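Shared between the two complexes below is chain A, which pairs with chain B and chain C, respectively.
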Partner chain A sequence: MNQISRRVPLVDGVAKVTGALRFTADLDVEGLLHCALVFSPHPHARVASIDAASALAVKGVHAVFWHENTPARYYNSSIWFAGQEALADERMFAPIVRHVGDRVAAVVADTEEIARLAAKLVAVEYVSLPAIFDPEAALLHAGLAMREDGTPTFMNPVAYESFVRGDTEAGFAAAELVVETHITTPRSHHCAVEPHACIAKPEPDGRIGILSPCQSVFAVQAVVVQALGVPQEQIRVTKTPIGGSFGGKAEPILDPLCAFFALALGRPVMIRYDRHETFTATRTRSSVMGRMRLGLSSDGRILARETETLVDFGAYCTGGDYLPSSMLQRLVRLYDVPAERYRGRAVYTNTVPAGAFRGYGSPQIHTVAEITLDIAARRLGIDPVAMRLRNLVGPGAIEPWQGLDVGNARGRECLVRGADAFEWEARRQMGTGRGRWRRGIGVASATHINGCYPGFHEETTATLKLLPDGRAELVCALHDLGCGADTTLAQIAGETLGLRACDIAIVPADTDTCPYDLGTRASRMTYICGEAIRRAGVALAEAIRAAAVLELNTEAAGLRLEAGAVRRQDGSGLALSDLADRLVARGVELPAATETYRAQANPGSYAAHFAEVEVDRLTGCVRVTDYLAAHDVGRAINPMLVEGQIHGGIQIGIGYALYEDVALDRITGVMRGNSFSRYTLANASEMPPMRVVLIEEGEPTGPFGAKAVGEIATIPVAAAVVNAVNDALATELTHLPLVPERILAALG
Partner chain B sequence: MRMSLKVNGAAVETEVSPISRLSGFLRDVLGLTGVKEGCCEGECGACTVLLDDEPVNSCLMLAFQVAGCEIVTIEGLCRNGISDLQQAFLEMGAVQCGYCTPGMVLAAEGLLRANPNPGEAEIRHALAGNICRCTGFETIVRAVAAEAAARQRAGR
Partner chain C sequence: MTALAVVAPVDIAALRATLAAEAGPVRFIAGGTDMLIAGRPLAGTGLLVDLARVAGMAFISTDDADVRIGGATTVAALAADCGLRARIPALCEAAGQCGSVQIRNRATIGGNIANAAPAADLMPVLAAAGTRLALLKNDGTQYEAALCEYLPDSGHLIMEVILPGNALLPCSAFVKLGPRRDLTISRLNLAMLAEFQNSHFGTVRIAAGALGPVPLRMHLADAALGGRKLEPATLREFLSALATEVDAAIPGRNSQIYKRRAVAGLGLDLIAQAVGLSPRDRLFEEAVE
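Up next, the complex of A and B:
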């Protein structure tokens, strides 16, 4: 092994660290027009009239768009391919706005300054409609979201999922302890430091080229086609570098508008949201109200569990109808629960839409389950680590809902080795202290998926081709969101070809030049795309050896690829660049290999996180003072990047536990946490020192044994921190985030 | 209005609008797109530049306020190839998406110029105004500490 398990720096790192990398808003496009949007100040209202005359009179304004002069086509921003069934409830500009921040109109002008000035002059008259902000109340208002003719689009609850296994009543009857909890998780925001941006430009052949920092160029294409009603081949999408996403840029929000304006005006157009707009007019994590009932034996075995979830996905469905089943899928692959009952529902409210956010329901459901488990452990007087060990699934377990094999599941090793490294036992003996500051420790386990199997087209096609200079070109519609996927996957390709990661030239994701791929989502890059690339690499290596056999007039046996050359057993051989030269000189096509990998499994990634907190009983402020994360990653292709994913996941999770909430006003629907000054993130000073323990037992179905880490990194964090606070204060706090007001209220 | 200043070592004599932000001026007029915009209200630090060796949020200043001063952007930091601090960021995994990186590197450079031997808490405090959503700051702090130690050893 040469490239695997190595701390290879990012292949695109020099461009990033020197600032040379051009993000979308940095691009220089000839004749670019700029755009500013008008957003609804009302949570639910009919747009009675729009007078654009004053805005159009401003010098430099090219057009004003609203619902009357844009396509009246409904679409869903969360489709991933053409023809995907989804609740189409969104329009470019709605005649009936459904949340504060909904899109009403747009001004396109020579500069952003002019566009923003003119947008203030668009006169809009609204007729207010009743609005619902509370998800439980929304259950009673079935036809909340309406089309302009007054017909309800879809009925609350929009999604419903249920599951029953075994006899829960018998389980509860036999239980020594039954615990019931009511847990709420907040609407948190992705806070990628790059605000949303998109450019669309008309091409001479009548097509529209879209430059988008996205998670799937094909998803962008599918949504734009649905929104505009144009043929698919008219839309070309190219991925631009992305300044963080975390799911926030998974759904094309600006792209349909941008493409339509470029088409209508025959000029390139850029839309760039400012920070306030990125908060109020993109997506958030859905909030969940969870009720859990847990029946346990005296030694901490789970005998029965009942779970109810209510998901608030806001004003547009997007992918929210998948959440009740997604949460179920992740819930049932962590513990061996003999009797299980689950009911999940999802509703519309007149609030900012929810969407994908790192973990897609997993942080919500594991937060509910892991806080409940800790409350039970405390009431039973059992060490929460020991109690988890008693219930965790192990290798080869079959989860009961879809019947999927969880693979080489090493959740137990995460707990055991993590607890050891954290000195859990010793810290437990130390107690919480007696004064103003109380110390507590918390643990939480979690699991997550590896890709979309058995759903969707869970497959990837990768092509690797020898280049004339001896490097290799990789075509695979890759979307690196900053996690280092390009580097990890180049290491996998390099390993198979005897090349370094930096010798792999990755073709940017583009609908014109790359085969279809689902994109970067569902923790599928390393596990799915990595396996496709590994297979393509193995096939290309074989093709290169075959070509070398002819060129070197030698035996195939013993020929190997290493250090950019093809070599005989005695070490003699030919540099790949020389081999390519000879082939080119003879007019032979350079070796290439294409492999399509269709997933055959969806193993679980597992983790156990350990947090220590200090709580100030006077102010209610919590400080995380120490943190350790143990992760079952199969094998770390690049340990530095794996640790980086975990570190970043912890930052998002600590915020989820303690600070982060867009804080939608229950009376007006206005978002209070709509800027970095009003939405608190853990900064460098607030972050604790972090340690990572990697469990590398190998996943047989993953490339070189690897499985996913990107999403699971953030999943157990909030529960570990909340459990530590409850340990410190001997409380049973269950409503996140644990802002000082909530802590002080619990202390009386 | 006309003003003269020094940007990345070169004298600049230019016409500037009295309401132009420094960040916009650097990006749009001088084409220095290594200056990133993340919030335009001084909360994220992506637009950090060095103003006479001191890190400032360039979105919170008007361009004319820096008349006669010296500005260093990320483009100026690597005029002679990639700097050791940037190399430390790369090798220690302190870069992920790269959007906050130019501002973060300049905030760190400003710290090291003012305090060549910072402790961990001082590094964290100096970077508290720069948001990174990818790394949890862990490797960034390590990279800055490593570079500080290397400068101490080399007597730089």
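Up next, the complex of A and C:
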């Protein structure tokens, strides 16, 4: 092994830390115009009139756009391919605004400063309409979500998912203990360092080129096409380097506007949000109200489970209608539950839209389930680790909803080895202490998917080609979000070709030059794209060996690729650059290989997280004092990046448990947590020592045995922390985040 | 429309001359950590006087009876000054917990006072220390006023912050409670100056921040400790006094229920720091058992 299991530095790391990498807002585009938006101060209102005269009178202003002079086409910003069925309820600018921060108008000007100044001069008259902020109240606004003519009604529920397996009533009747919980999870924000930005520019051939820090160029293209009503071939999208996303940039929010303005004005246009706008006018994680009823035997075996979830996805559906089923999908592949009943609904409220966010429903549902399980363990007097071991699925289990094989599922190993490394048993014996500060430990298990199989389009195509300098070019519509996917995938390619990761030249994702790919979502990069790249690499290696036969006067079977060269068994051979030279000299095309990989499985990644906390009973402040994360990753292609993903996941999860909430006012709909001074993240000094245990048992369907880690890293964290707090205080806290007020209130 | 003019006087004489010559509105900027942040529109007209380069406005003088601090002295300089730490460690402690490293390097003591944020971390210490300010009017006249008499809207420039020597006490402490420990805005902060010898308090002065628009002197808490032995019964009376003070300061506010309880933990931390004990000392545990 040359590249696999190696701590290879990020292929773009130096460019990032030296500032050489140019992000979208840094790009120097000739003739670029700038845009500023006008946002609604009302949670629900009809735009009675817009007077743009004063704004248009400002020198340097080119145009003002609003609902009367932009396409009145409904679209859904979460679609990822053309023609995808999804509830289309969003417009560039609508005559009715549906949340504080909804788009009302846009000013395009020579500079951003002029545009922002003129935006303040756009006079808007609103007629207030009744607003709904509470998801349970939203259920009363009941009706079909769409009229027959395709017009959205904004009635609820938008989504409904149910599932029944076995006889739950018999299970509950046989149970020694029945636990019922009501758990709420907050609206949290992605907080990527780079705010949202997009550039669109007219091309000489009449097309529009979009430069977008996105998670899928094809999704951007599909949404823009739907919003503008232009032919797909008129829109070209190129991914630009991205300063973090976490799902926040999965949906093209600015791109349709930017493309339309560029088309209308015949000039390149940039929109970039500031931090406040990124908080109030993009996306959040959906909040979930979960009710769970769990029936257990005296030894901790789950006999029956009933789950009800209510998802608040805010003002526009985006991908929110998938959430009830996504949560079900992840819920049923963790424990072997003989009798299960699930009902999930999703509703509109007049709040900022929710969207994709690391885990896509998994953090919510596992938080609900794992807190409930811990409460049950405490009431039964059973060790929470032992209880989980009694119920976890094992390798080859078939999950009951879609009937998928969970693959080489190693959740048990995560628990056993994690508990051992964390010294769980010894810490449990220590107790919580007495007095003001109480210590507690918590554990949570989790699982997550690997790709979208059996959904549509879970396939990708990778092309690897030998370059004249002996490196290889990789074309695969890759969207590294800053997590190191490019590096990991370059390692996979390098491994097959005897090259280093830095020898793989990755072509930026581009709708013109790359074959279709779903993009970075659903924890599919390493598992799906990695396997396509591995197969393309194997095929290219074969082609290179075949091409070298003549040059080295030997049989292909006796050749191997190693350290940038093709070698005979005795070690002699040719550098790949020399081979390329000779092939070019002979007029032979340089070897290339293209492989399309269609997923045949969707195994589970598994994890068990362990947290120790200290709680101040006088102030209600919680400090996470120690943390260990055990992950079933199949195989770590790059252990350093895997650990980095887990560390970042813990940071997001601690915030989810203790601090993070955009705090939408239940009276006005105004977001109070709309800046970094008002939205509390776990910063460096709040982070505990973190240890990572990797379980590398190999997933047969994954590239070199690898499975995903990106999303699951954050999924069990909040539950582990909350369970530790409940252990410390002997409470049953279930409403996140556990801000000090909630903790003191629970202490009575 | 007259644009905003910016001047950067090089010394105090130039500063006085600048102010004397200006008939219109004058605003001052030093570190700019409040004025320049996004979301706060900068004034479009008038005169903006940059104090960051005025020689003689940034100093800490602790050798004489009174401690004198130049209005443009940075918070980082306060946190790091050994002389100041010897005279009033609470001010160094408050400065060290104010904002982030970057904020502390730019923010000034004058700005912390003039910006008048309810949660300003230096303010309770200054209030407990009986601070006086040397203020400069636009017409060039300079006068002294007690901190509690200072009106931020007056536009008078804070030239010096004076901590009268006769009000400084041997022990002092500052503690704060925010959403997190570091880089956090105080939801509640407490400062204390005290005499403490042979396990007994002498004079005690306590002030709290984030309980109102200006720091709140907590006279009931002073009285609960003043002249008393440091023992659980005293601490219990002290905690009761703190809760009473919070109730009186923010009756009916959403935060009252939380702050009246949390002030107990903060109060014990305050005393522990002032007398050099661990907050986990048995004494404090007994006080709340």
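One rule holds for everything that comes next: the second predicted complex is superposed on the first by the 736 of 748 C-alpha atoms of A that agree within 3 Å, B and C clash if a C-alpha of one lies under 4 Å from a C-alpha of the other, contacts with A are read in each partner's own complex, and residues count from 1 in each chain.
The rule we apply is simple: a contact is a pair of C-beta atoms (placed from the backbone, for glycine too) under 8 Å apart; a residue touches a chain by one contact, two chains touch by 3 or more.
Just so it is clear, the model here is predicted, and its values are computed rather than measured.
K.L.:
Under the stated touch criterion, which partner chain does A:R275 make contact with: chain B (first), chain C (second), both, or neither?
P.N.:
Touch partners of A:R275: chain B and chain C.
K.L.:
Taking the superposition on A as described, I'd like to know which of chain B and chain C A:R378 touches: first, second, both or neither.
P.N.:
Neither: A:R378 stays clear of chain B and chain C.
K.L.:
State whether A:R165 touches chain B only (first), chain C only (second), both chains, or neither.
P.N.:
Neither partner.
K.L.:
Just chain B (first), just chain C (second), both, or neither: which does A:G435 touch?
P.N.:
A:G435: touches chain C, not chain B.
K.L.:
Quick one: classify A:T619 as touching chain B (first), chain C (second), both or neither.
P.N.:
second
K.L.:
Have a look at where A:R6 lands relative to chain B and chain C in the superposition and call it first, second, both or neither.
P.N.:
Touch status of A:R6: no partner.
K.L.:
With the two structures laid over each other on chain A, which partner does A:P740 touch: chain B (first), chain C (second), both, or neither?
P.N.:
In the superposed model, A:P740 contacts chain C only, not chain B.
K.L.:
Any idea whether chain B or chain C touches more of chain A?
P.N.:
Greater contact footprint in residues on chain A: B.
K.L.:
Between chain B (first) and chain C (second), which, if any, makes contact with A:Y659: first, second, both or neither?
P.N.:
second
K.L.:
Please indicate which partner A:S685 is in contact with in the superposed arrangement: first for chain B, second for chain C, both, or neither.
P.N.:
both
K.L.:
Overlap the chain B and chain C contact sets on chain A and report the shared residues.
P.N.:
Dual-contact residues (chain A): 274-275, 675, 677, 683-685.
K.L.:
Which stretch or stretches of chain A touch chain C in the complex?
P.N.:
Going by the criterion above, the answer is residues 274-276, 434-437, 616, 618-621, 623, 659, 675, 677, 680, 682-686, 739-741, 744-745.
K.L.:
Contact residues on chain A for chain B in the complex?
P.N.:
Contact set of chain A toward chain B: 7, 9-10, 12-23, 25-26, 190-195, 241-244, 246, 274-275, 481-484, 640-641, 643-644, 647-652, 675-677, 681, 683-685, 687, 689-690.
K.L.:
Which of the residues in chain B come into contact with chain A in the complex?
P.N.:
Chain B reaches chain A through residues 27, 33-41, 43-44, 46, 73-75, 78, 82, 86-87, 89-93, 95-102, 105, 121, 123-125, 127-141.
K.L.:
Quick check on the complex: what are the chain C residues that touch chain A?
P.N.:
Going through chain C, the ones touching chain A are 38-39, 177, 179-185, 257-258, 261-262, 264-266, 268, 279-280, 284-285, 288-289.
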